[in-house]
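Chains here go by letter, A, B, C and D, matching the order in which they are written, and residues are numbered from 1 within each.
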Amino acid sequence: MITTNPFDDDKLREECGVFGIWDADGAAAVVALGLHALQHRGQEAAGITSFDGHDFHSHRAMGHVAGTFDKDGVIRSLAGRVACGHVRYSTTGETALRNVQPLFAELSSGGFAVAHNGNISNALTLRRELVRRGSIFQSTSDTEVIIHLVATSTYRTLLDRFVDALKQVEGAYSLICMTPEGMIACRDPLGIRPLVMGRLGDSVIFASETVALDVVGAEHMRDVEPGEIVIVDASGMRSVRPFSRVNPRPCIFEHVYFSRPDSIVGGNSIYSVRKAIGAELAVEAPVDADLVIPVPDSGVPAAIGYAQQSGVPFELGIIRSHYVGRTFIQPGDQIRHLGVKLKHNANRALIQGKRVILIDDSIVRGTTSLKIVQMMRDAGATEVHMRIASPPTRHSCFYGVDTPERSKLLAAVHDIQGMAEFIHADSLAFVSINGLYKAVGEARRADVRPQYCDACFTGDYPTRLTDQDALDCTDQLALTAERVM
Amino acid sequence: MITTNPFDDDKLREECGVFGIWDADGAAAVVALGLHALQHRGQEAAGITSFDGHDFHSHRAMGHVAGTFDKDGVIRSLAGRVACGHVRYSTTGETALRNVQPLFAELSSGGFAVAHNGNISNALTLRRELVRRGSIFQSTSDTEVIIHLVATSTYRTLLDRFVDALKQVEGAYSLICMTPEGMIACRDPLGIRPLVMGRLGDSVIFASETVALDVVGAEHMRDVEPGEIVIVDASGMRSVRPFSRVNPRPCIFEHVYFSRPDSIVGGNSIYSVRKAIGAELAVEAPVDADLVIPVPDSGVPAAIGYAQQSGVPFELGIIRSHYVGRTFIQPGDQIRHLGVKLKHNANRALIQGKRVILIDDSIVRGTTSLKIVQMMRDAGATEVHMRIASPPTRHSCFYGVDTPERSKLLAAVHDIQGMAEFIHADSLAFVSINGLYKAVGEARRADVRPQYCDACFTGDYPTRLTDQDALDCTDQLALTAERVM
Amino acid sequence: MITTNPFDDDKLREECGVFGIWDADGAAAVVALGLHALQHRGQEAAGITSFDGHDFHSHRAMGHVAGTFDKDGVIRSLAGRVACGHVRYSTTGETALRNVQPLFAELSSGGFAVAHNGNISNALTLRRELVRRGSIFQSTSDTEVIIHLVATSTYRTLLDRFVDALKQVEGAYSLICMTPEGMIACRDPLGIRPLVMGRLGDSVIFASETVALDVVGAEHMRDVEPGEIVIVDASGMRSVRPFSRVNPRPCIFEHVYFSRPDSIVGGNSIYSVRKAIGAELAVEAPVDADLVIPVPDSGVPAAIGYAQQSGVPFELGIIRSHYVGRTFIQPGDQIRHLGVKLKHNANRALIQGKRVILIDDSIVRGTTSLKIVQMMRDAGATEVHMRIASPPTRHSCFYGVDTPERSKLLAAVHDIQGMAEFIHADSLAFVSINGLYKAVGEARRADVRPQYCDACFTGDYPTRLTDQDALDCTDQLALTAERVM
Amino acid sequence: MITTNPFDDDKLREECGVFGIWDADGAAAVVALGLHALQHRGQEAAGITSFDGHDFHSHRAMGHVAGTFDKDGVIRSLAGRVACGHVRYSTTGETALRNVQPLFAELSSGGFAVAHNGNISNALTLRRELVRRGSIFQSTSDTEVIIHLVATSTYRTLLDRFVDALKQVEGAYSLICMTPEGMIACRDPLGIRPLVMGRLGDSVIFASETVALDVVGAEHMRDVEPGEIVIVDASGMRSVRPFSRVNPRPCIFEHVYFSRPDSIVGGNSIYSVRKAIGAELAVEAPVDADLVIPVPDSGVPAAIGYAQQSGVPFELGIIRSHYVGRTFIQPGDQIRHLGVKLKHNANRALIQGKRVILIDDSIVRGTTSLKIVQMMRDAGATEVHMRIASPPTRHSCFYGVDTPERSKLLAAVHDIQGMAEFIHADSLAFVSINGLYKAVGEARRADVRPQYCDACFTGDYPTRLTDQDALDCTDQLALTAERVM
């Protein structure tokens, strides 16, 4: 079997996007539009929960937002002026519908819905203790731990129980919650995953990226701050900051690849940052060549920046098909590299006889870099130089990003020269870690208190990794499970 | 819109059937066959859970057994030598998949699956208390209360926790449970709902009716007794009777309508009982007529009994279509009584000019009796006498049978004469309560300690009705709920 | 794999039913109801074509009427006051949608739709000639030959072209056709397949059986006569009889099995005829036994007749499940005869220790008779006597009935004694051919000019069998074909 | 309702792509890959027909190639070493499956399958005559006319009958046909639609564009020439040129928009031609501005050409979502221009305060140009200049391209100034017709014998338009039709 999307196969994956709106006509329809704009953050499943003043209504399904929430009657069934939603990417076979968010529980205080972007790094440890005390889990999602901690908290008000729960979890979380009384948005103390606020008339919106505000015509107000809990209800909006202050460390990979180029993250235009990385790369790793060719589509802004800085012309040397397929039967041995060609084809007439500089955002396993270098050579390129708009990816992420295990990361097992040989490039260079920090507007990485989470490049994790440490000692954390077909 | 099954619309509905097998090749396939034989006990949804020695596997779906468990790969996915299943009929809109059984939970002792036939009459009261203490419910099913009581019980062994849970619930339950160690079957102290045991080679089977044993070629051993807990595990089979002894009161309506005529219930052949009721009815309420006509199909055995006792010939005066449809558009006002005719048509050539005795098993709302009497007259019957093979149904059931509210029960608002007028019959008679007890082999109903639960006829409920009593005082039991589309 | 309908597997199959209505509100909805009542004549596919005065509208689908024509919007799309429809059973893999009727063609005179019950016995021969002259076929259906003969006829009026076409075909046909001007119904000169006329207010209806008239509340007027063409249009109704007169020979198997018991065929009540066959059988082949047991459901009327004539009591010894499934996985070798038990189960408590007479309508291959005799023995019957309400089926049908090839017909390869041994019955008897004719009201079979087509019993075919004769010489008739997945 | 693809809504549409392969392992799988590469030529439906030496096998379905031909078993069912396929875009409601190609007919010479790119401009006229003579059409496709002409031709060999048929049709056709003996490819005498030949090992391939050869790894041999019939069979490959010689006039719009940028059409690299048009446009219509912004994705090559020629930097000012949706519910009046934003979003941080030059390939109705100009202004652009990489589209196409009726073409009802006002641009310019001819390598348009079909720009149609002329006199060509739901 061959697939049409080999380039995308070798990317790190953001696992989630969230969107919520308080007090709007057609709230669920707005959420559907917002989630569609966040689809790049999770393509596997989507869900929306609304509240009509009396009942909660939910719809969750595997697949894209547009395939689920354009169905007759689905949006109509999600009544009410308050709604939140979630898009999800998941790595394992455990992609049952029961893991699709928003999660919902009926607490003694009433219904409680949660949409979560991030990952709780002590979820398994907390779960074992909760099960021991009689809690019954509906999903295998780490997010459900938060709900059971709220349900069993002995504090009196829901907000106190919520804070009580958050103080027990470690890791990354940008959360949008709904209760019968209001909407609660919050971001972990380090602010690892993004979360922004906007206004649309009198309605308040929370979303993972500003592009979701653009699409629904809302105004971008500000970020939800690291460690901030924002509560919106009938009495208005207010903030709580119950955590002790720490230096924020938002994920720098949002700038490299996860966020859309038309989003503003932490005050920076992603498009401009990526062009700046490309320009930085042209300065750090120049090469004498005829064409600058982006690996579509994520390499385009950096390639424009590289071309403008270097004077080497920017050209579309690889044409991307708009038609996404899943799998085709391999017709026979004589047809090779089909997976690559189905989605991307070399612009042979342009490349023939030329020295090309390929620009990509990152290298994970390296398998597709190898194919694309080969595609350039098959099309007649005389030299192929690869330039990467991020430092080498050497470490796994435990904060809501799907990373292969370390041994599969090309940069974890090879030096630059070895990587260049692996992908058969004439030369290979990555932007430096300080070059990357410069592109996001810092003078350089502050090594004592780094301004960003860059653990995938540096291995410098900003939180404890309780489950991971436990797993390193033993593999006894695995739970008895029901496999649902 | 018109439907093809108007006669069945006016029946009481058994809400569930259960089937489990311990230690068999293709356990899930055997369960599928057993559930197919129990399909008449619940047509709305079906589920099977298996255990392969390591993992539990479940598949649940709306619709018939044959439409779900004949799908390629479904049975194959239900690996293991132990499995149980459930068919379900449900009355409300809340027919979400999450209510389809077997229910499953991961307890600290490992996985726990439950299939339940019956109804817990204090479920809402228990649920409110459990939620208050932090339990989160996955379904709106009364069965889940049992699981949370087990999960939060402070006893040490699973069996002790299970008994602790059952001692808190009131009502009717025949349960089949699976744990990693074994299979547990039990029946409430009154034995309201049936449950039988069988053997197939070395495998042990539990099922709601003997017909399910017949279909899989198993031998009928005995009933699980009222108040008995049977445990089957690697060490063999054993019984526990943790409840104080009371007089059993199994449901007598199983003999009237719920069970299949080829089943043996409490030692009686259902077919023979129904023929005996018909014969009793011929003695109690004779009538001078030309033909005995059963209302298909449930009236057939009683009609044969009536005909044999009275000497009036048994004839098929109503032909039933084998092709079940759902709904058709009503083409215009000129076409009437279509719903009746689509599924049943009068055998006009037979009926024309005849005096007919119609035999049916029961009258609930009376709406379809009215239609069927009219169908006989339209076909030329000169007299139509209705004879009913049960006493008048005057009370609701709270033990796992779907009954309309009392005000909709024809016998609750009319005397026999009024009922005869309502359905336009020339005469109407019901078998007496003692006639019914005679047909099941008793001398008469023991009014102090009745041998059966006959509350639907007599209003004499054998248990407390805690939720019902609470509802009668207030309607505050309703829970905040998520509506899932 | 095991299936739930083994008894039905061994029946001859009527291949079609037709229904048409002229000038009615909601014409297509009435046709859907009529086809539902004719569902027993063809369960594989169904189609309806309507005409709204300007356009023809068609919907055809595999599956039952109720699964197709209860869908939202389907009936609404079939606009107009004129409509006809078709249900189809087909024997081969070639069950592509393109063979589902009504067939439609755009002729120079306008649209032309045809629904056909029967079989053209020189269709292949005619088709080869039409293809040679440039006609392009859309289907592999014999019916399409009629349409091409009409299209290429050199006569001027459509009616003349239609008659020209019919004069070239041989075999059995009951047709309902629609043109922009009117509806045309006709029956072949021998009247092999049935076709009746009815009235519903001012609307005219044609249908294969009277039961379809009953269901829609229409009045039965008369049969369309053998060789008659009835035209209904804006100017009223008129008849044409363009064929030379021959003695009609309607299919006698309609009385034995095909038609529903509540239909009137050729003036006879099918139910009464079947009871009469049973009574005749009791006289011709009596036996000393305890119970008369019908093989459900087709054996029931004959069993009642047999019981009433013989005095042996009629009992339900076999219980039929109402829940039809397709296939289940065979769980293991220890479970046998499952196919039989899934749909029919022995009423063991009744049969144990008894001598039983089984009544069935016919024996085709004999495989299921074998199973059912065994089922009786397994349930404890001491003797099993089989009585069949038709003569031995020894010959194939070429007039629209699906018959196995001769070598598979048990009666074609065994004498009665051999058949009894094959099915393991203590005795076996069939009604005589004259007994059958008596039951339909004739004194006896007129051997020179038989009153019915009884070729399946006698081998006396009423028409030439051109294609069959050609096939006997050669197998060169096979056509190059497109297999559509 | 709002849709996500507003920009694409306002394009001319190529209606078909074809691909065939002779003598290859897994022929159908290769065709599926080839069709996927041609998906941009028709997104509505796809079909493949194969020949296994004995039978033809077909599968056709609405939807994309990847959604149909990646299904388990579909490719497996299309057995054989010869196959051809078709992708289709269609404009009318008549998108029934029966119109999906390849069309197939059983002729006296055996099976005959046809895949057609183009449009027969006298199809209705020929069809009426064929129906008059008794031909029955299966589809409403113009292509079927060719098949009936072949079927009813009185010539003896299939090739003679095929040539006889083609000599009667006028218009545009690139055809791939399959017979039991071989594969036939041909192109109309003017060569209006493209068709190329390639080799993959010993297999011969025909395809609409070279990109389909690239994707399967085949070598591009040459174009099938205008008026050439290429026959491939067991004896090898040969050419026939039965038409009188005329000057070819291939469609110039293939260079402007239809073909993929990585295809070679008539010897020209499409990407290079589009860059050349952009450069020509920069010379013909310069403007003082800050950014050159392509309308994604079709405007990108021309924008690169414009930027390189003008020195104004190329930037991604519009970000295109990769996630295609269909329709969303409009949540309320406060949210406007959503259709545009769902698929494309302005890169606000880049555009704010800038003078931008937008580059698009063409303007059809102008409705989306209006929206995109507004999107630029909403994002803060101070000036918006639109430059179009083709001359004004003023005339309908009758050769297989979907064009709106003339009154809907903006350029047919407005002059350039009026168009600029309609779309609210500060300035608007189109490349000149001679500028376009220069970009494809000609000195200028030869007005007496133009080198290309440019009728959409000039109204100079290269063939008679028989159906169109007839329609202009009368609207009596409409046929009685069956509407199939």
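One rule holds in what follows: a contact is a pair of C-beta atoms (placed from the backbone, for glycine too) under 8 Å apart; a residue touches a chain by one contact, two chains touch by 3 or more.
These are the chains along with the protein names UniProt gives them: A, B, C, D = Amidophosphoribosyltransferase.
Everything quoted here is computed from the prediction, not taken from an experiment.
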Remark   = Any chain touching subunit B and subunit C at once appears in the list none
Remark   = dist(centroid_CA(subunit A), centroid_CA(subunit D)) in Å evaluates to 37
Query = Taking each chain's centre as its mean C-alpha position, how far apart are subunit C and subunit D in Å?
reply = 50
Query = Between subunit A and subunit C, what is the gap in Å from one C-alpha centre to the other?
reply = 62
Residues of subunit D whose C-beta touches two or more other chains = none
Request  = Using the contact rule from the top, write out all pairs of chains that touch.
outcome  = A-B, A-D, B-C, C-D
Task = Using the touch definition up top, name the residues of subunit C that touch subunit D in the complex.
result = 49, 55-60, 73-74, 77-78, 104-108, 110-111, 113, 131-138, 147-148, 151-153, 180, 479-485
Message = Which stretch or stretches of subunit B touch subunit C in the complex?
response = 4, 24-27, 29-30, 32-33, 36-37, 39-40, 43, 64-67, 69-70, 75-76, 200-201, 211, 214-217, 260-262, 264, 269, 271-272, 297, 300-301, 304, 308, 313-316, 319, 321-332, 334-338, 341-342, 345-350
